[in-house]
Amino acid sequence: MEKWITSLKTDTPQKGFELAIKLAQKGIEYTQPSEAIRKKLRPKYSKNADSLIHASEVIAIHFQTVAAANDYWKRTGLYGR
Amino acid sequence: MEKWITSLKTDTPQKGFELAIKLAQKGIEYTQPSEAIRKKLRPKYSKNADSLIHASEVIAIHFQTVAAANDYWKRTGLYGR
Amino acid sequence: MEKWITSLKTDTPQKGFELAIKLAQKGIEYTQPSEAIRKKLRPKYSKNADSLIHASEVIAIHFQTVAAANDYWKRTGLYGR
Amino acid sequence: MEKWITSLKTDTPQKGFELAIKLAQKGIEYTQPSEAIRKKLRPKYSKNADSLIHASEVIAIHFQTVAAANDYWKRTGLYGR
Amino acid sequence: MEKWITSLKTDTPQKGFELAIKLAQKGIEYTQPSEAIRKKLRPKYSKNADSLIHASEVIAIHFQTVAAANDYWKRTGLYGR
Amino acid sequence: MEKWITSLKTDTPQKGFELAIKLAQKGIEYTQPSEAIRKKLRPKYSKNADSLIHASEVIAIHFQTVAAANDYWKRTGLYGR
């Protein structure tokens, strides 16, 4: 697979959250590499509340990793809140 | 997407919990950007105990992250309990 | 919402466990604010083993947070076991 | 509720694992306090593989907490493996 | 129950992974002590993809614990990668 | 089983993610050692959105472990972002 990530560091928590989303999607892509099949599944699961909650859970797990890798953006916390 | 988070720091555990809820919701919003569809799903899953427990789980995962980012609001713990 | 938590610190692991239960319940309350609807759901999910196991899981996740916030009640460990 | 836990410390990893099981059960007991109802549910879920796997997951989450509280029984590791 | 674990330390990550599997199995054994019943369940869940993914999840959670207990086998990392 | 892992260290986050995928697969392989059965299950679960999300979750849990084992590839973070 092509290079899709080089670092877990992000400048802001929001970019970290968006990286977490990417990581969650990549987990699905590696498991089901066919874009055609994934696109066919999307309309259904994206209208199913339980699937959406589950997707949000995977994002939450990755966000834990990204946030820790960025030391919770602590410097932002000291000066920027 | 517009800026919706600038820091994981919150003044109190309760505000941290409310931030965890926001993060859980954002995970759903990024996955299903249509507000119309999300609103249609809400009446059903919010009356389903298993969906509510699952939603509470996602909040719990994010709350771990937020609590760690705030060093568990330790100073509150020393003087304020 | 009214103030319902001021600290993650508790005097004992048992009180910490009970705080974890409260956090799990609050996750549900914020998602479904209507007490009437929550009360209607309770008889069913509280008699369903899978729902109970899932509820126990959410408590377990919050208990991780509360235990870490209390440094695992380490002093209790040194003198009180 | 009566006192059922005073410390997360255990002498061995095995006792720690058994404490994790107790914590998982307590999460269910607090959610469904009726012993009669819990006993009625047991025959069914304890013969359902998915329920057993889920129960094992809750134990795993609590075991993380207990193991961390015991510093992963590191001294046992140095001298006793 | 007889002694089945004395330490979370393992010499290699692979032995640590196999210990995680054992921990996941033990969680099921404690919940359903009858070997006869467990054996009867096995043919079905071991041919069900969702059960297998869930079993793999429990192993993943325990592997986190075992890996941390072994300080992620850091010395292996320094000299052996 | 043959040796399939010697270290959790990887040179890059992407290789770490791919190791997390391998760990998730190994959890399934140990539980269902028959390659024939696993191959038969694949077409179905890889076209099921909920199974894919769940698989992505297991990868996310393992990625937490791998990322921590690599100290979140911090040096990459300092110089390479």
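Note that the chains are named A, B, C, D, E and F in the order they appear, and that numbering of residues resets to 1 at the start of each chain.
Keep in mind that, in the parts below, contacts are C-beta pairs under 8 Å (C-beta built on N, C-alpha and C of every residue); 3 or more make two chains touch, one makes a residue touch a chain.
Listed by chain with UniProt protein names: A, B, C, D, E, F = Hexameric tyrosine-coordinated heme protein.
The model shown is predicted, which means the values in this text are computed figures rather than measured ones.
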| item | value |
| --- | --- |
| Steps needed, at minimum, to go from chain C to chain F via contacts | 3 |
| Contact-graph separation of chain A and chain D, given in steps at minimum | 3 |
| Angle of the C-alpha superposing rotation, chain C to chain E, to the nearest 5 degrees | 120 |
| Per Cα centroids, the chain farthest from chain E | B |
| Type of chain A:chain F copy interface by residue overlap (half), same or different | different |
| Euclidean distance of C-alpha centroids - chain B vs chain D, Å | 27 |
| Distance between the centres, which are taken as Cα means, of chain D and chain C, whole angstrom | 15 |
| Shared interface positions of chain B, touching two or more other chains | 48, 50, 54-55, 57, 61, 64, 68 |
| Touch-based graph of the chains, sorted into line, ring, star, complete or other | ring |
| Footprint of chain B on chain A - complex, ascending | 12-14, 17-18, 21, 46-50, 52-57, 59-61, 63-64, 67-68, 72-74, 76-77, 80-81 |
| Chain A residues within the chain F interface of the complex | 1, 3-9, 23-28, 30-32, 37-38, 41-42, 44-45, 48, 50-51, 54-55, 57-58, 61-62, 64-65, 68-69 |
